[in-house]
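Both of the next two complexes hold chain A, though its partner changes from chain B to chain C.
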Partner chain A sequence: MVSPMLFIIAPLSAAFIMILFNSRVIALGLSLLVPIGLAWLGLSWLPYTLGAAQPILVASIPAPLGIPLSIDALGAGMAILVAVSAALVVLYSSSYMKKGHHEVRYYTVVMILLTSAFGLVLTRDIFNLFVFFEILCISSYILVSWEQDGAALEASFKYMVLGSIGSTFLLVSIALVYRVAGSLAMADVATALATAPRGYVAFAAVTFLFGVGVEAAIFPVNTWLPDAHSSAPSSISAILSGFVIELALVVAFRVLNTAFAAVDTLPLVRVVAIAGVIVGEMAAFGQKDLKRMLAYSSISQIGIMLFAFSLGTQAGAQAGLQHLLMHAGAKSALFLIAGYFIVRTGSRLIADYAGLGHRMPVSAALFGFAALSLVGAPPLLGFFTKFQVLSAAGAAGGFTAWLGVAVILFGTVLETVYLFRVLRVLFAPAASGSPARADMDWPALAAVALFTALVVFGALLLPTLSQMIGPMADGLASLL
Partner chain B sequence: MRKLTGLLLMGGFVLYLVSLVPGLFNATTPTALDSVGAAIIEDSRTTSGSANVVTAIVVQYRGLDTLGEVTVLFVSALGVAILASGFRDDVFRSMFADDDGGFILQYGGRLLMPFIVLVGVYIVAHGHLSPGGGFPGGVLIATAVFILILTGQSARMPHRLLSILEGAAGLGFIGLGALGFLGSELSFLTNTLPKGEYLTLLSAGFIPFIYAMVGIKVASELTTVVSVLTEAPGHESGKEEGRS
Partner chain C sequence: MYTQALLLLPLVGFGVAFLLQGTVKRSPAIVKTWAMLGFAAIAAVAALAGAEIGTLYEGPTVFGSVLTYGLTDLSWWFVLLIAGITALTTVFTLGSLRYADDYPMYYAWLFAKVFGMIGLVMSRDLLSFFIMWEIMSWATYLVMQQGRDESRKAAQGYLVYAISAGMILLGGVVFLRTASGSFEFAVITKFVAGADLGVIITAIVLVLVPFLIEAAVYPTHGWLPSAYASSETTMTAYLSSISTRMGLFGLILFVFNVFGLDVIDRIGISAHLNLRTLLLVLAALTAVLPTYTALFQHDAKRLLTWHSIGQGGYMLLGLATASTLGTAGGLMHIFNYMTYVALIIFSIAAVEYRTGTTNLNKLGGLITRQPVAFLGMLFGIIGLAGIPPMNGFVSKWFIYRSLILGGYPFVALAAFIATVGTIMSVYKLIHNTFLGQLPERYNEVREVGWVMQLPIWVLMAVVFATGVFPGTILQWIARIQVELGIAPIAYTLGGVAQEAGDLNMMVITLVFTLTFIVGAVIFFMGGKRRIVSQYDNYAAGHFLNKDVPYNFNYNFYSAFDHIFEKLYHAAPVQSTERNLGRLVATVGEYIRRFFTGQINTYAAYYVAAVIIALAFLKEVL
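Up next is the complex of A and B:
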């Protein structure tokens, strides 16, 4: 077996090699090959992790003196999702990104982002978690500011200010925890906090939630997200909305649910999740800018996942993870297609896309499928995942669970209205005669088609997935 | 809107606090302060062979964190370089006088430079024996270049060479760490090199070599940051690099 340390080593080495050679071909080749290779590595580890988590020894020093890492079913699953998404986004970028504009550096930063994403799912040490969060944040700031126009710089700066505040809180929480636990390994932290004063643990847990909540875009510390995700290049919006916030959410929730299990934060988390759903949908409803609309929709979708996790039941965790898979596919596809809408029309406003469906029929059709899945239209994957979230909430019972069901259903209505508004504009009769067809370039089209295929045919994968989703959902509640 | 955002942010945090911390202020102070620190002090000589325990922790026990910190610096420097190449106006150049700084400053700077570099190299090389190591040593080496720029002698920096050094040093770090896969435990960052005689320059296995890599990396990255900021306006080298 190849060591899972390769998840961290390979993309990082690739980044250094790109800077060393500074050649577009090498950068592009490596950033395609590395995620594909890592997806394969994740697949090869998945069967071994279904039974029990596989610990990874670093520097031959076991915890608590060293840094414990471990790959479990959830980690392997998230790693595969991240690697596949990254490979597809890189494929898209190869035709979407402007040639020459620091292109090598773009792929370098994407590789660093990948390193931190893999590190986050593997680590079982709260300080190591902080280091990988920092790398994730800093590479995200850079990618958000990529266009270097006013909006992008402002969004990136805002993101950086909030992210730094979040990081500070995270660090304070780690210091508080280390004071009582005397160890940074999450397993030791969980044991030590179980006997520590409840107020102290609650304070540390809240500080932690606030700190990681910024990166995971948990309401109300997600105010940076609409600006950042809409001002970034569309390939980056797809990465950030497609797996970065989800990954941060899963990691944040897992740590809160295990290391800080001494205090029951689930009711609080459920309330902020429901608030996120309603605020996100209401804000998206009023948007005229397509990418901002999609970004606000991400806030509400994150809320749905967090709501499912916060039910605290096995069914809820499974539903949340399946919804995460659906959202990763659908939102990546939507952002990637929106990128080419902007390239072809030069405008971000939905109103300017009138009749674009005739110029870009394939893209618009794929957009339609992804949007339908996001809403939860029946034969598509989104229907099944949303239904599972709702039925898990119904099974869990209680006032907040039913409130969540009501809010998600209301949000779905809003989502349907605003996404159909976009579709109606896209397929409106063309203004002047028959315009020349100008679909996406083929690498971009291939990437988007694969993302869309996931959400269209994903329902067929559900039986296979159901054999693995159990251990993955257990990963949200265990550290081993 | 911005005030609202700020209010929401503060309100959110207050909500978190109030809902969860009824007993914060009368909680008793925890007394069990047994940490891993004591265990590491006991263990570090045999495990790492480094006389400086701090270095042992930084490079050996928490080597993965250090690799992460190196990456943080790497990606931050890259970000500064990308942003600086987009400057349209003369932001940083205006901080420096147009004249050349005068004879005394120039020659003083040139005279100091080799000594500063020497001290930097010394600090990097003795990281496992005395306070210091790759990070402070690398900063010192970059300072030498900064003094040249401050005294108005900023010759164009060899950006290509700097990024080659940067990439090679990063690969060197990972490569030294990967030597651990040769050991019996097959784990990354294991100190498999011979530990040598305690308290001598060539001891502590791979620690001095890793610190050398960190030193090269930090020095070249900070030099890049400083030179990119001062060369920024109308600067073409960044674009050339990107185009390959």
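Up next is the complex of A and C:
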């Protein structure tokens, strides 16, 4: 059995090797091979984790002195999702990123971002979590500013300031916890907090929620997101919207739900989630900038997932995770296609895409499918995941749960309207004659097609998926 | 086996038509042949499928419950209507559909829509009903958004309504599933029968409102006219004739079968002020207001789309009485309206095919150039206006009768008023298209080819035959009524035999024919007629010639328009709809301002978030 430590070691070493060789081919090759290998690694570990979480011994030092790591079904599942998404985005980047634009550095930073993403799902130490969280944030700042133009730099700067505030909150929370528990292992934290003063725990929990919540795009600390996700290169937007915020969400929710279980934060989380859904959809509704619209949509979709988690039931957790999978596929596809719309027209404004669907028919059609799945049109995957979120909410019952159902349904109407407004523009009659076909380059097209295939035919996977979704959902309430 | 085939054939048809779209502009014959074969096969299977009524076909398992499909008498009737009108429309499009315009996906979307509709009527559980409902809505959107930019815009309007309806219905599905624990209709029926009034009202509102929206019942009809009128003309015929009725299907299924009339009638203040009274009032408004709006339309297609709304009101009037005669009238009117509206729009499409316009201000005098289209429209509008001997008279007679007998005199009055409007507007339609002087530019217009004439002749025969022998249709209606738990109608071949007055269309037709013959005899024997040039004429004291043409066509009913102009433009529905859209946009804009772009406000949000969250958690206090 290959050690799951490779999840952290492999991308990190790949990053160093890339810098050493400074060759585009090696960088590209490594950043394709590493995620693919890690996806395979995750798959090979998955069966062992379905029964029970597998602790990992780091450097032969057991906790509390060593850093406790553990791979469970949730970790393996998220790792596979991250690895597969990353491999596809790298494939897309191979044709999307302009040649000679510091490509090696780009792939290096992506690898470092992957290191921290994998680290976040494996770690069971709250300070170690902080470290990986910082790495994730910093690599994100770099990637957001990649275009080096005014908007990108501004977005990155805002992101950095807000991320730092979040880190500070997180650090405050960790300090509070350490004072009580005397240990940073999450398991010890959970035991210690159970007997601590409840006001104290509540304060630590809230600072933790809004600290990690920055990266997880939880309302109202997600204000950096519309700028950052829209100004970043589209491949990076796909990474950030596709799995980074989801991953941060899962990690944040798991820790809150387990280590801070002494205080019932679920009602608070639910209110925050519902607010996120409605604010995201309403803000996206009037957007004229495609990527910004998609970014706001991510805010609301994160809200839907968080809402499902916050129901506190097994069904809710499962539904949330399935919706997460769907959103990862659909939003990545949408951002990646938007990237090529921008390449072809040189504009981010939807109004400038009139008739683009005739030039890029395949891309526009894939955009349509991904959008359909995102709004939950049957029989695409999005319908099944959204339906499960809604029925889990119905089963959980209570005023806020039904309020959430109503808000999600209303949000879906808005989402449909604004996404199909884009499609209407795309397929508007061509202004002059029939312009030459200029679809995406094939590596990009292949990557997008795979993402879209997931959200279109994903419903067929659901029976198979359900075997692993159950244990994964358990992971949200367990620290082993 | 036929049940599976009914679901599978449209899917296969869709797949192949989708793949064939690339060949459309080079050789349209391939995809047209495929569509014709496909829809003919569906019609044939639909006709045979009656043998399988009552058997259930189990589809895939979703969320632990099996999706079941099967035919009942009601759904078989609808399947026949769908398959029949689709086949006829396809025959017409073989001649009329030109690919100079941008309709490469016409048949693919049509197959998808047929799949959604057939699937919808065959669904035997709530989940598959919802899935098919959504597929149908999306397919309708796709069907509508083809072609010009105008249709795209109108389709977007439809999408807002359709998706709102879909989401309300989804809320209803989740609610009923949560409350009853099952998607099965039988379980839901049992659950609703024993549920609290609050639960019933919630379920009924969530489930029935989407159907009212899809059926374009006042005041949710705002989407229909633009969406239908800006579609390709054969598609207008198709959408008007069958698509809107899917909402009524849902209403019939849930009111009579799933919820049951007893449960529906529990909601209300008294025996005469209940949910059904509300439906009757809405239906009456639907019948009256859109019919008079139709008068002011200057486009033939748009004029008829308003009738699609109005005539839907008649259907709902009959159904909401829940009496034998009323439901028979409502159900029959669905069939009748389908036949004559398709007939009228095919005639319009034939005119449009030759003249390139449906603008009523520009047409006229085409009777000598396109006599078949004229006859088609004549038969159709006699049906639409509810005049014997066409089939529209029978169903309308049933509906009036049931309203009077059921003790709803004011509603009956509204129905009569609507009929006056109908007659006025269909006269405008036929006059402005076929009567009056022929504009010079249309001198060369010829009749359309036999392929396009065929559906017109077929529908003329149907409209007439089912008008003279309504028993042929009523035998189906009686079977459906038994299934819905209503006493079946005592039909005869010529109409209905009942204590409160018989109806025998054969006698009426005979009288009509004799009168017609007497009139014809007087006309021909009188020897007073003289055939003159169309310019050898006068009007209002003026001689008419090429330079001073007969101009009643232009702005027909302008006096009427003048009187009611203010009322029409104050149309509360359209402005409400616009204002709602504006409200969402404005509120959205305010909410978006939450994202100020200023780091200092964002930093303040952190602090505020922590403080509010702590206050929320209470444990701190």
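Here are some notes:
In this section, the second predicted complex is superposed on the first by the 480 of 480 C-alpha atoms of A that agree within 3 Å, B and C clash if a C-alpha of one lies under 4 Å from a C-alpha of the other, contacts with A are read in each partner's own complex, and residues count from 1 in each chain.
To be clear about the criterion, a contact is a pair of C-beta atoms (placed from the backbone, for glycine too) under 8 Å apart; a residue touches a chain by one contact, two chains touch by 3 or more.
Just so it is clear, the model here is predicted, and its values are computed rather than measured.
Applying the stated clash criterion after superposition on chain A shows that chain B and chain C collide. In the superposition on chain A, contact is made by A:9 with chain B only, not with chain C.
With both structures placed on the common chain, the touch criterion links A:209 to chain B and to chain C. Contact with chain C, but none with chain B, is seen for A:405 once the two complexes are overlaid on the shared chain.
Of the two partner chains, chain C is the only one that A:395 touches; chain B does not reach it. Applying the stated contact rule after C-alpha superposition, one finds that A:265 touches each of chain B and chain C.
After overlaying the two complexes on the shared chain, residue contacts for A:285 are found with chain C alone; chain B is out of touch.
Within the superposed three-chain model, A:221 lies in touch with chain B and with chain C [touch as defined at top]. Of the two partner chains, neither chain B nor chain C is touched by A:110.
Of the two partner chains, both chain B and chain C are touched by A:198.
Taking the listed stretches 148-156, 472-480 or 598-606 of chain C in turn, the superposition on chain A shows a clash with chain B for 598-606 alone. In the superposition on chain A, the residues of chain A touched by chain B in one structure and by chain C in the other are 162, 198-199, 202-203, 205-206, 209-210, 220-221, 223, 263, 265, 268, 272.
Residues 62-63, 102, 130-131, 134-135, 138, 141, 145, 148-149, 152-153, 156, 159-160, 163-164, 167-168, 170-171, 174-175, 177-178, 584-585, 587-589, 591-592, 594-597, 599, 602-603, 605-606, 608-610, 613-614, 616-617, 619-621 of chain C touch chain A in their complex. Chain A meets chain B in the complex at residues 3, 5, 8-9, 12-13, 15-24, 56-61, 64-67, 69, 99-105, 108-109, 112, 115-116, 119, 127-128, 131-132, 134-135, 138-139, 141-142, 145-146, 148, 162, 178-180, 182-184, 192, 196-200, 202-203, 205-206, 209-210, 219-221, 223, 263, 265, 268, 272. The touching residues of chain B, when paired with chain A in their complex, are 5, 8-9, 11-13, 15-17, 19-28, 30, 32-37, 39-40, 43, 47, 60-65, 67-69, 71-72, 74-76, 78-79, 81-83, 85-86, 160, 163-164, 166-168, 170-171, 174, 177-178, 180-181, 183, 185-191, 238-239, 241-244. Against chain C, in their complex, chain A makes its touches with residues 158, 161-162, 165-166, 169, 198-199, 201-203, 205-207, 209-210, 220-221, 223-224, 226-227, 263, 265, 267-268, 271-272, 278-279, 282-283, 285-287, 296, 372, 375, 377-379, 383-384, 387-388, 390-391, 393-395, 397, 405-406, 409-410, 412-414, 416-417, 420-421, 424, 427-429.
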